[in-house]
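Note that chain A is present in both complexes that follow, paired respectively with chain B and with chain C.
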Partner chain A sequence: MKFAWKKILPIGAAIIMVLLLIAWGWTGLGTASFVRTTLSGLTLGSLFFMVAAGLTLIFGLMDVLNFAHGAMFMLGAYMGWQFYTNPTFIFGISPLIFAFASGLMLLPLIKPALIRWEINSKLQQNLPRIAYALALLMIFFAFNQLDIMGLADTAMVAITTTTADNPLAELSAQEPLLRFWVRPALMLVSGALIAFATAKPGDKTEFAVAEKTTQKWIIVAALFVATVLLTAFREALPETVLLMNGNLRFFLAMIVAVLFGLVFGGIIEITLIRPLYQRATFIVLMTLGLSFVIREVVQVLWDPLAYQMVRPPFFAQPGKAETVLEWFRNGNSTLNIFGVTFPTYRLFIIALGLVMFIFITLLMTRTRLGMIIRAGVQDPEMVEALGINVRQVFTFVFALGIAMAALGGIGAAPFIPVQPLMGDQFQMQGFITVVLGGMGSYVGAFIGALTLGLARAFGDYFALKLSLSPAIAEASTVIIMIIVLLIRPSGLFGKKE
Partner chain B sequence: MNAFTTNQSPQPLLSVENIQTFIGQFHILEGVSLTVPANSITVMLGRNGAGKTTTLKSILGLTPPREGRVVFDGMEIQGKRAFNIANLGIGYVPENRAIFRQLSVMENLKLAERKRGDLEQHADFIFDLFPDLKRLYKLPGNHLSGGQQQMLAVARALVPDNKLLLIDEPSEGLAPILIQQMMEAIRKLSATTTVLLVEQNFIMASQLAQRYTIIDDGKSVHSGLMQDLAQNEELVHEYLGASVRTAKSGGEQ
Partner chain C sequence: MPEPTSTKKISFRKIIRRESGFLVLTVLLGLFPFVMNLITGSGLNDGITKYWQGQLIAFFIMAVLAMSYDLLIGYAGILSFGHAAFFGGGAYTMALLLTHWGPTFASRYRITIPGGTDITTLIIFIASLLASAVVALLIGALFSATSARLKGAYFAMLTLALAEAIHILAKATDFVQWTGADEGLHGVPIPAWLNPTQFRLRFYFIALAFLVISYFVIRRFTNSPTGRVIVATRENEDRMRMIGYNPATYRTITFLTASLFAGLAGAMYSLWNMSATPSMTSAVTTVNMLIMVILGGMGTLIGPIIGAGLMQTLSQFLYNFFGARWPLVFGLIFIFIVLFFPYGIVGTWRLKQPDLKAGWERFRRLLGSKPPEQQ
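The block that comes next holds the complex of A and B.
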């Protein structure tokens, strides 16, 4: 078993080194400083991982460097924060989005019939164009004079009371339902029109089989019902959400961020990245441009301000809990760990990162999708030749990566200010993490993120203690990356190629 | 078995009609036509770089032909996406084997399932052809030898119910004893599945196949019954060059 040694030796050496570092740090710094700095480092590392995980998955499978990842992290934070503090904007817009989606989801259902349609070539060319034009027109009218800025402004009205009967009473009333329902209706039709156009009616070279039709009808029906409900209760829903238990609301906010990330990531992959797979440099430029666009839109809607999101009640009760049990009972904001007073919310961030790591590990090792991803990293062409729709897998992986970034964003929101540039630093660190851990390796991303987080925290500690410039701490991550790359050019867990 | 009977059914399982394939701006295939009758082995012969692999990839849609027709099982498939074509019942054994190195032997086979239970259903048949794979079941793909990889590549194409197998140079780089085993395996699987084979080893080709098509410089130049080609030394010499010596000496060097 020669190969076993090769594997065990570096890992063993690394473990011994880490243990030595811990022993040395513990004795040198004293328990309190050491524990506090370590936990701070793990918090940072956890956030780095949430960004790096998506980056590395996306790069590993598709060779795409997503420079809009930080912007999507930021968007996730905004969506979650809005849902948590005042979801009027989200519920005001969502009927239109859901209506559009339910129209669009007709595509796989109508395509098999449409492509077999006998029409002459002129009609075949022009029908989609007409449909697209009509759809755009309808979208224009659907949004025409919708008070988007007004809706966005609601987020800036801080809702602080949790006991009031109607926390949104002071907000101005929205458009009456009798007039509003036309908007989602228009969006539904325009979604269906776009589905019609992209199905390429009459195009005999297209290929589609009608399979799993019931399943697809159920999706359309579910989206349609959701549209109707969201339209009917669009003013009541924000109030309901705000009157919910704060912890539940925060949990839902995380789900909203994840769903948003999945949908947004999917749309970006299909519309912007897919046409550019053959041109890697264009993708870099495109995602870079996209990040600017996202940031500008956010600034227009919510001003370039920094918002501080309140922590959910489970982490908000002033005072220190002596034990974990006490924290669980009272929801204290800090906890005593080895004599160190540490914010409980940061422990939650560490846990969230851990949960995400476990989720990815299970996904990659225990599911067919994970198998497809691992195979696709090596040879997407062969995966396709086995009868697997690799394009669809690409879309899903991209969406998943964005969803993880968005979840990281809302996870970070109660910890760092919510503002348009909040993702940039994490994106930078995320890229360094990915390079350090080995491009495409999620285990590498995890180890790398923790390493960088710890380096950052200990760097800060020493910079403060020895009154050095804090730039030392910021440089430490890059220094570590350079050292690792000198020893292992493909990163800690990278494949040699 | 049916080595000398040829199935001349009016509708072949696969017919390729004058396809033109470009890779980048290179015009690689300039008119390849061939037919593969059902329940037989058809071999594609030709020099290195003639365009045999590209022909297989064009059929499967991995390098879609720009012009021409590909008809499989009565359906035009040119221009369709590769995964759709494969799902019609075409298995592919590429010349580089393309075993997934990060996946175990079992996972490599599992991945090829088109519906749940495919592997279980065909496991006996597969292990009967390649008993070694049973022993290697848990091993990661990157620990397999070249010969074992080749067996796995063929086995992978047998996991789902395929009507047609495209097998690219299965004997390449194998030891003589393994070539024998591979030949035996292909003969056995051809009892249930139609095969389009690319093979440089003329001995192997002539013993297995009932029909042949010769590709030269991106064009199909000749096709017919294998037993006729074996007699036509001139033709073999003209298009296959070195292969003729292999055929006469009867060895692999």
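The block that comes next holds the complex of A and C.
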């Protein structure tokens, strides 16, 4: 029973404190400003949670402080926004990516045969190098002169000139399909070459078994079919997407951001983070460098400008809805809540954060994977000793964390300007949230995010009242964190050292 | 505290031999303006010679900053992300005092030495410098006091957040008449005899002296018994605690030393730029320091100096080559270094030195010259 008390006590204390604060705030501020400030705080808290949830899981499981999380948030916003306004870029580049992945997925299939290959040691050393060089050359030719630069122009054009018969306001015609086929083909071969090189042909020290071959062949075949379809319909698909209902398109944009985050996170974990698990400090440095690079790449592709994403029609109709039903029928941009006019899109962000929290809770408490993750947070070595491939779980959790950040990014995109530095502030607040809630605890991240969001909102309100700048409210979050850390050095819900 | 076991006297000659590389570098840098003047004939305080002196001054100051950071992450193994707070704290103290306190003081009092020379500006300058050091030390004390119980990631995050708080205060519009908020302080009225545009050569030697003195003081610190304890704590904290050392004390000492030098570097930087801007306190500054240290090699002291120089030249070179998007290339280089040369330039050099020596001998034998005399 003592154990249970320890768990319940902080939650109970927090609830009582929150209730007291609500009562005090309600009487002190008056209904209107109290409701408005609370809702603003919840919106912010929801966004903080989307960043912090991934951070806390990644840290709890594998001790990785991911400094590139804000950059991922930003990338998710860019991807979703690009899909929403003009998906030509995404559909133009996806055949290449899918072809590459299809080639790469051959790795587990060819490895068992390749490592048994009898070749002399010199060839064994040089063959992978040649293959890598060839693959890089092919990637270069595949992307050479591909019309992907100047996204800043195309993205802005499409949304303003969309008409019923021609939604794509492309002035120059796209590359003829016959010539375009060469690019995915090159990418396919280069992916296969890299698979060949990573398989280390002729290396007797390697070990691989051919198992679940059919399943793996199906993955390769599926990726290949996807490549072919995407290449064939690469001009028709963007048009279809742009002619869709705006709400559906926004929903699809969120899915694109999540998928992108999953894939990108997985790739980063496997290629960049995994070699460094032995040197924890260097992972931090690596993610720092990565955030640097991502930010610059985004500025190369989209120009260093700030964009304003158009809200989906469900939140865009001018005029105030008096009831929730009216909003659902008309899609108003503002809603009347206890006499306060509040933007409906911010309510959506709050809902998105809640949905994400419920999703994580279900994942962590109701699935086998969640069980493994929770066990891994406690003791990764023990989990590995039980015969579970922890490395695979690491990759999945990293990808999941990035995907959540990306979803947060596209969720925030219609609300804040889409620009290369948009993630940094959220990353900072995300870190504070994670430290506040205790690293590795998603419940802690949730509570911490709510606390911080509300502190920011009320801090802003009081700063305005006392004619201080909002910067003081920003600094107040740091003070909250310091106080919590002085009392509980491992955060509110963190495990004790 | 137990007495250090080795009381062997280190002779002056020994120090010279051990630090020969650094001393040669110092002499070369000291001769640089004159040699440059001889070659280009542009005058000591003019043209290209002046430009390169400026580049080197920035390098000297950044080198001290990188060294102070190396003290933390290299020697003590503390991953702190708040170093910009010390740097910015020093810079702001200097700039604020010179802007708001200096003129009023000079208008009220006049201090002369018996010979009749006016030393008011000198007094103001020294007082501001001391104040910068004190402020940096106070910030360092604040950092180590709040983070005394924390470890690892919590510690890193707390330092990051504290530095962010100081950054926010530097940017806050509430103190705009003092700090200039987002704009920062510009055109700081620094003493006329120190003006880096008028007396570039003088400032050059002051900055060089600053680097040399800092290097030897930090070197002395790391070689002292205290420094040994700090390194040992990095290697095994529990064991040091068992022997009877308190790691928290030594962490505080390291923090204070590092913050002192970072603060002085900040003060120098604000003198050199005649400004103090919020970007000096931002996380980007810390990341730049980190890159310098990683580039040169952690825990080597000479490495961060090289790293600072490389960063300075590389950023110039890459900017000329790739335009505004040069950080992209720089970031790729950084990732490459982290993945493949985690010990930096000096660290990798020290690791590979035996190999390189053997290779050099083989090369000489190949050329048919005399084999090295064997004793």
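In the analysis below, the second predicted complex is superposed on the first by the 478 of 497 C-alpha atoms of A that agree within 3 Å, B and C clash if a C-alpha of one lies under 4 Å from a C-alpha of the other, contacts with A are read in each partner's own complex, and residues count from 1 in each chain.
FYI, a contact is a pair of C-beta atoms (placed from the backbone, for glycine too) under 8 Å apart; a residue touches a chain by one contact, two chains touch by 3 or more.
Values in this document were obtained by computation on a predicted structure and should not be read as measured data.
J.: Just chain B (first), just chain C (second), both, or neither: which does A:434 touch?
T.: second
J.: For A:296, decide between first (touching chain B), second (touching chain C), both and neither.
T.: Touch partner of A:296: chain C, not chain B.
J.: Is A:286 in contact with chain B, with chain C, with both, or with neither (first, second, both, neither)?
T.: Only chain C; A:286 stays clear of chain B.
J.: Could you say whether A:372 touches chain B, chain C, both of them, or neither, answering first, second, both or neither?
T.: first
J.: When both complexes are superposed, which of chain B and chain C contacts more residues belonging to chain A?
T.: More residues of chain A are touched by C.
J.: One more residue to check, A:402. First (chain B), second (chain C), both or neither?
T.: The answer is neither, since A:402 touches no partner chain.
J.: I'd like to know which partner A:389 touches here: chain B for first, chain C for second, both or neither.
T.: first
J.: By the touch definition above, which chain A residues appear in both interfaces, chain B in one complex and chain C in the other?
T.: none
J.: Would you pull the chain A residues touching chain B in the complex into a rising list?
T.: 205, 207, 209, 368, 371-372, 374-375, 377-379, 381-391
J.: Give the list of chain B residues in touch with chain A in this complex.
T.: Within the complex, chain B contacts chain A at residues 60, 62, 79-84, 86-87, 92, 94, 98, 100-103, 107, 110-112, 114, 156, 160.
J.: For the complex, give me every residue of chain C touching chain A.
T.: Going by the criterion above, the answer is residues 73, 79, 146, 149-151, 153-154, 156-158, 160-162, 164-165, 168-169, 171-174, 283, 287, 290, 294, 325, 327-328, 330-332, 334-335, 338-339, 342.
J.: Can you check the complex and tell me which residues of chain A touch chain C?
T.: Those in contact with chain C are residues 59, 63, 65, 272, 275-276, 279, 281-282, 284-286, 288-290, 292-293, 295-297, 299-300, 428, 431-432, 434-435, 439, 468-469, 471-472, 474-475, 478-479, 481-482, 485-486, 489-491, 497.
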